[in-house]
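You will see two complexes here that share subunit A, one where it goes with subunit B and one where it goes with subunit C.
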Partner chain A sequence: MPSADVVVVGAGLSGLTAALAVAETGARVQVVAKGHAGTHWGSGGLDVAGLPGTATPREGLASLAALPGHPYAHLAGDVAPALEWLRALLAAQGLAYQGDLDTPLQLVPTSIGGTRLAAILPAAQAPAARPWAAGERLVVCGIAGFKDFWPDAIAASLSRPRVWAETSGPERVDAVSVELPGLAARHNLSALELARRLDDPSWRAAAIDRIVSALEANAAKPGGARPGSGRLALPAILGLNDHAAAFDEFRRCLPMEPFEMPLVQPSVPGIRLYNALRAALIGAGGRVLIGEPVAQVDRTGDRVIAVAMEAAVRTATFRTGALILATGGIAGGGIVADNDGHLEEMVLGMPVEAPEFADWLAPDAFDPSGHPLEAAGIRTDADLRPVDRSGKPIFENVRVVGTMLAGQRYLRERCRDGVSIASGWRAAKTLTAVAVPLPVAAAASGSVRP
Partner chain B sequence: MTIAELVREASLDQVGYSSDQCLKCNVCNTVCPVARVTDLFPGPKYVGPQAARFRMGRTQPVQLKDAPRLESPDVTVDYCSGCGWCTAACPAGVKIAEMNSQSRARLKAGHRPKLRDWGLGQTDLTGHMGVLFSPIGNWALHNRPVRRMMELTVGVHHKAPFPNFSRRTFQSAWKRRQKRRGLSRAPMPGPDKAVVYFHGCAVNYYEPHVANAAIAILERNGYQVIVPPQVCCGLPLISNGIYGEARDKANENIKILADYARKGYKIVGTSTSCTHTIKAEYREMLDLRDDDATVVAQATWDICEFLLYLHEQGKLDTSFGRLDEDLPYHAPCQLRSHGIGLPAMDLFALVPGLRARDMDHDCCGMAGTYGMKKEKYDIAMAVGAPLFEKVRASGATEAACDSETCRWQIEGASGVRTKHPVEILQAAYRAGDAARGGSSGVGGGSATGEDAARGGDSPEAHAAVRAGSGGSRARNR
Partner chain C sequence: MVESSRMTESHAFDVLVVGGGATGAGVLRDLARRGLRSLLVERGDFGTGTTGRYHGLLHSGGRYAVKDSQAARECIDENRVLRRIAPASVEDTGGYFVATPDDPDDYLDVFPAACEKAGIECDEIPVAQALRREPALNPKIRRVFRLPDGSIEPWNLIDANVADARAHGSDAWSYHRVVGFEREGERIVAATVRDERSGTTTKVSTRFVVSAAGAWAGQIAAMAGVELTMRPGKGVMLIYNQRMTDTVVNRCHKAGDGDIMVPVHTVAILGTTDVKVPDPDVYEITRGEVAELIAEGEKLFPDLGRMRLMRAYAGVRPLYQPPADTQASDNRAVSRAHTVIDHANRDGVDNFVSIVGGKLTTFRLMAQDTVDVVAAKLGVTEPCTTADTVLPNQEPGKTYWLGHRLAEHEAEGGGDAALLCECEFVTRPMLNAFLDTHSACSIDDIRRGTRLGMGPCQGGFCTFRAAGLVAERAAGSAGAGGPAGAGGADATLADDADQAIVGYLRERFKGTRPIAAGRQLQELWMVMGMYVGALGIESLVDREPAEPAREVVDAQR
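Take a look at the complex of A and B:
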């Protein structure tokens, strides 16, 4: 069966980051995944830390790193170089990001009419994160017939000062809606379809014309925002494969500064991120196999030597020098809970660190401190090797990355992407340091069947 | 039973049941190559798990008395090409493509199939007729007025790519060879010294040179080749929704192959879609789950999967010579469904100088017989367009792909000669032999010997795939 220096299980942000960092060293890397991961559902932004009361991601990072048991306790120093490295790679694939650890966290308006804290965003979302000048207007522009983006509701909600907390939002929020060519009779319109249409330069030009007309009509209304100032919120559909050119054209041709608002899934900015990571990985000689779960992992002593995937019949076995586990925690299916409070790690059957079963349910379903189970995951040492309850490494050549890592409350702390990128990068570095030699058809001394 | 076992069982469960796992996350819609290019297909989520609850049949076991038997709620399921990307991408283990195939069959059950769909499914019949009357058949398949008539009457698009019919079937050429070599009645070597070859219709009627390359490579590596009588694997019938006849074909093959499989012979095929059908679709689509079907499925290997397996065992002759060329490679959807990675790319890596590059494109559009149909031809061409462009832009003189109709599609649309990976490997062996000045273990280029002499079916003599009206780039170049 085929062999690799490193097998990565999971094709989300952490898995692909780890695989890319491994591939850059010249090692052969094989990504295997049961299906597509969180990238297709996410906003495309890179949240490192977004704690209320902190001014920048760097501040949040420092306070999280001081928490005992938080992944950042091991990774704090890796975040900045990993982020810089990944941003350069993504830029080379035509996907530019703005902001870094010292960019002030800002409240960014969302497509359900709320706000969220963000600093590092795709270039097309970044204009939303600039502070609002006195008197500055926001216009929310929807597409007629597109059911995932309701401009009137968004504008009405964003007009409430409390959405903007203590900060000052736009002076006034208007809503406009445009009919785009050829969509009148459509029942189902997805963001992805619109994005693909906007890849086409002629359709794009026609769409821009109609948006310009709609903005002029809005300006003619009493008190309407004058073109030439203010910002324009559009659904995140500005091109898929030709996004950079599409966004550039919107910026040049529209009388207001446009930005994208990420939507419910399928998330176009998330798919752009996945596509860029995948293209970079395959360009670097990596392989991606998506479609089946892990069937079995063979080990000898404390080393994993082969990963067998479910296949049409038999299993497809990859002999490997190391394994990076990027299966996404509870949300990604890497950890599964049953009704009796038992948690199981699905690939290697490793012990899961989690709060007591009695503490799983908070009295308030929307408790601002988040769900206690967010913190569930695999405990590792500083090299990201999984450890048992006594702190002893379980596998010498396994690394755990991303939301599999115990101790993070990624919804509340907004640290998921930072942890994913830094851990993926560090996993690759520590494996290179171990200089994984390919085992010579070693006989397995045991196997783990998930 | 542990939770992990329960979850795994659920995710591997039968097709219909799996719609319960759907999260409505839309990931399948994001990867569908057909929905990417046409509004005629709303996407796998809508016609698959979302519509499944409205369908009568296996997914809905209770039929209320006197209630009308409902047709499928969404006829657009017929625009699913069956590529299987949705199933692969689904994070929840829903068998979406399989569900769509079954829905199509249910849609068509009780109706007489369109002559065209029936005809495209009858690869054995059209193949035999074509070979029997090959001069006329080849003229007709590449004659513009005839192809226009075919489009008008039966609905096969006039530009759909077809290769030439061989002058004789591979089966009969093989029998001749065995007779000539006095091997017809030779005792069969054991399963460590021989493999059973499943050639499929493409080799039997159109592309014997693929079989010749495969057989030469297998023999070079110490395996005698057994070619039992066999029929079409049934996939063209499955993808045209004609399950009844497909099951007949499947049962016939299983009956022949089960004995070999029980004795430990591996069944190796050069058509990655045939081998996937035997491995998985007999079970998942046609519901053939008895011991014979299982033992046959478990014995079946794609040729590149088998050669790579030999290599991993240290048993593959790797005396490949230098092939100094760029080689764009397309992994067919059916290969992806095998779940075995890209064995051809691993084998290409053993050839010095060969710069094989995975085009990393989802689907060429052809999807078996989908792209041959009048109403689907444009969709298929649009699905494959970025691939054709990449292949052309590579500047390479040849490309590689494991599945026959994909090869015809890529070659017809890009104008770049597209070969089976075993043809590339055969060339590499020859280059190695030539460099060493020895005689070639894959010598004559034709396991059946006579083909090259007859000027009919050797790779060199084999005309490039041409689109029917002569409008393809392949011909214009």
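Take a look at the complex of A and C:
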């Protein structure tokens, strides 16, 4: 039976962060997950706290940490060191981020023609967060046949002062569209396919030529933005595995400053983040097994001792000293609701803290206070051990991280990545003391079958 | 959708029809074909009232056979007519009436004879045969009768009726609400209609008024100074993301809640409840109603509790209970039958009738009965031809089948279809064709015309693509020298494409909210995560409430 000091269930930002932090201590860590996670749906940015009315993530972090029951109440002090550590690891993998807790929150234009508050962004998105100088132009460049990025609609919407709230946006927003080499007959291009093609230097050079021509044609129109000034919004497809080089080439060769706009899933910036985390983890000696849900968890007393996965032709059981639960809450499938309002935690069957069934969802999809159900999750103590309703730890060697944690409204608070990074880091720190594999014989004591 | 042919200078018509559901469209067609130049006005898009919110069943009449033989006979007659004149709107699913262990034997004993009496083909088939065709059915069912039920798509049915009426010189205006009638003595001489988008009002002179406003008929009558009490009955329906049955399945018992499953296009719809509501515009779908429907539905399909619910919606039946003291012509005292109310005899308004009650399957007959009254009063002797003439854009005998969009794409050479809505196979050329011929005011209008956004993601991916295409078309036609700000027919929508995204996702959320659980809740969370987290949709949300309470509680299909 393979064994690990720590098994992490879930391969999103919180799970991989936790696994990396464990692996760095020299402990053996095994990540198991049924599939890819929120990274593939996200923007690729690192949202720590993006509350309207706050100037920086640090300010928002402080106000969220003051909310009773918010994960930041336990984690506020971990955010800065965890973020700094993770950014260095990502940079070493060639994925640079800009901004920190003291970077002013800015409205960044999005690919549906809206704006969102952001401060810590991948280098390829960061130019969007610089305030707009008087008279500065934006050109939105789309790709013919690509159905997840519509430059005319984006430009029309971003031309309205309303989306920029109190701040000033670009003076004028133009839309251009280019046909990329060899794709004329293609109607269902995906962001991933385009990103992979842009990894190829010769195809990339040809694509850049087409974009330059389109910008020149636009400049020739009455009032069109002149090359040499302003910024250029492109869909977030500028390379997948060779992104740093691709982005660098776009910057050097285009007459306007390019930046990427994240799209609907599959999110290329999110996949780059996932790939960098995974590569760093494997480099640090960690292991990753993706493809099946957890089939069984063995326990003795208040300790988890083994985690079993359905593998291709037999059950793969990992004996473990500890378990980190990073299964992503409702969006990740770690918590599942039935028609009667019961919420089930799928791996260990732990109690889920949640609002009354009748109050789960606000009548308006976009209620400014969000939906009460967003706060559903597992309640923990300060060491991230799950606790029962009386506050007593349920498992001594289990830690709960990321969006599984109760008490956050991560959509409205824009705190998901900060909570994930800080809780993953914190879980690893608090576990080093308890993560001691038990002898095989103890495995007979009991099991939980999700 | 607003049709662009609204260019009648005089605004004078023989007949004004109020209400753009199937009944109103059927009345308009019948009037037009008898040479009466008529106008239909509808306060929203066509088919947004009860017609667009029913369960999709083309009745064989089996559900009424035991209780009401006449209603059953009308159903089977019209069922045959609609298969003939509107084949593209009909899917020939066939229907099973099954006896579960809960259903009493005495009903089963009289059911086949009642069907025979009403003229409905009814064959008892072996249970094993039914289970082979529909393996998700409860294996404990005891008897199965096969009847000619089907499913029917309401929006293209209305579209075809309106198109035929236009071809015969009449017209129909969507997004036009009647706000008042002008009377001269015992006659209505004109109506004031308000364009709901611009707020401008128009006077329409007319010789006769037909109210086909269904559950809202009381409100229209009140404007004409007539008292008419409707009994709107709310019916809740649940949409599953799959066709667990290809056959309409009914419980063979006295009709009740949650006893019918109708496969409609890519989904299946479980119906229904019946609750009296005071206002046809204000009602809510509760978790309790959803749970009760599922519990009843499990008697037909035992695994229903584990299947993925996609959406709940509700419609209001236009029920009318004639008071005991009304004239004979008003007196079909059967609640689900239809009644043509001649307000001359009853209320002293000479040129006003209301058509109330009824059901979608018999909409054409309802129209015929109504227009017979109108024609007689206007001295028109042309006979009704609506039952014998195939509607426009239909291939006789070619009923709908699920694979038609893919098949048509393959027939045109196949390959890489420009899919904008993957769930419902809506391609870019299909959307372009729709936008070329209709002026959509919202993405919801596009949905009714194309089924965009009706699949499992509930608009999560196709919504902004539709808005993007509309903006691209507008920019293209403006660039081609069109008038500034008017990018062709869909300019209204293009001007506010970002709001259209917000509006449509809000609308779809309303139907998800009462059923959010399991995979559909997970999907909602992922979609919200994308739109709020990565795409900043809240920056597009207009905090001013767009419409009154209706917006809050009411979910469309």
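Everything that follows uses one rule, which is that the second predicted complex is superposed on the first by the 435 of 450 C-alpha atoms of A that agree within 3 Å, B and C clash if a C-alpha of one lies under 4 Å from a C-alpha of the other, contacts with A are read in each partner's own complex, and residues count from 1 in each chain.
Just so we're on the same page, a contact is a pair of C-beta atoms (placed from the backbone, for glycine too) under 8 Å apart; a residue touches a chain by one contact, two chains touch by 3 or more.
What you see is a predicted model; the values in this text were computed from it and never measured.
Of the two partner chains placed around the shared chain by superposition, subunit C is the only one that A:I330 touches, whereas subunit B remains out of contact.
Contacts of A:R196 after superposition: subunit B is touched, whereas subunit C is not reached.
By the touch criterion defined above, A:E249 reaches neither subunit B nor subunit C.
By the touch criterion stated above, A:A153 is placed in contact with subunit C alone, subunit B being left untouched.
In the superposition on chain A, contact of A:R186 is made with both subunit B and subunit C. Touch criterion met: A:A37 reaches subunit B, while subunit C stays clear of it. In the superposition on chain A, contact is made by A:Q265 with both subunit B and subunit C.
Note on subunit A: of its two partners subunit C and subunit B, the one contacting more of its residues is C.
Shared-chain residue A:E413: touches no atom of subunit B or subunit C.
Touch criterion met: A:V313 reaches subunit B, while subunit C stays clear of it.
Common to the subunit B and subunit C contact sets on subunit A are residues 41, 186, 188, 265, 333, 336-338.
On the subunit C side of its complex with subunit A, the touching residues are 287, 290-291, 294, 305, 309, 415-420, 428, 460-461, 464-465, 467-472, 474-475, 494, 497-498, 501-502, 505-506, 509-510, 513, 515-518, 521-522, 525-526, 528-541, 543, 552-553.
Listing the residues of subunit B that touch subunit A in their complex gives 2-4, 7-8, 11-12, 25-27, 29-31, 35-36, 39, 42-43, 46, 87-93, 276, 279-280, 297-298, 300, 308-309, 312, 336-343, 345-346, 358, 360. For subunit A in complex with subunit B, the residues that touch the partner chain are 1-3, 30, 34-37, 40-41, 186, 188, 190, 192-193, 196, 265-266, 271, 278-279, 282, 287, 289-293, 309-314, 316, 318-319, 332-333, 336-338, 342, 344, 346, 349, 450. Of all residues in subunit A, only 38, 41-43, 47, 107-108, 110-117, 145, 147-150, 152-154, 156-157, 160, 162-163, 165, 175, 185-188, 262-265, 267, 329-331, 333, 336-341, 357-358, 360-361, 363-366, 368, 410-412, 414, 416 touch subunit C in the complex they form.
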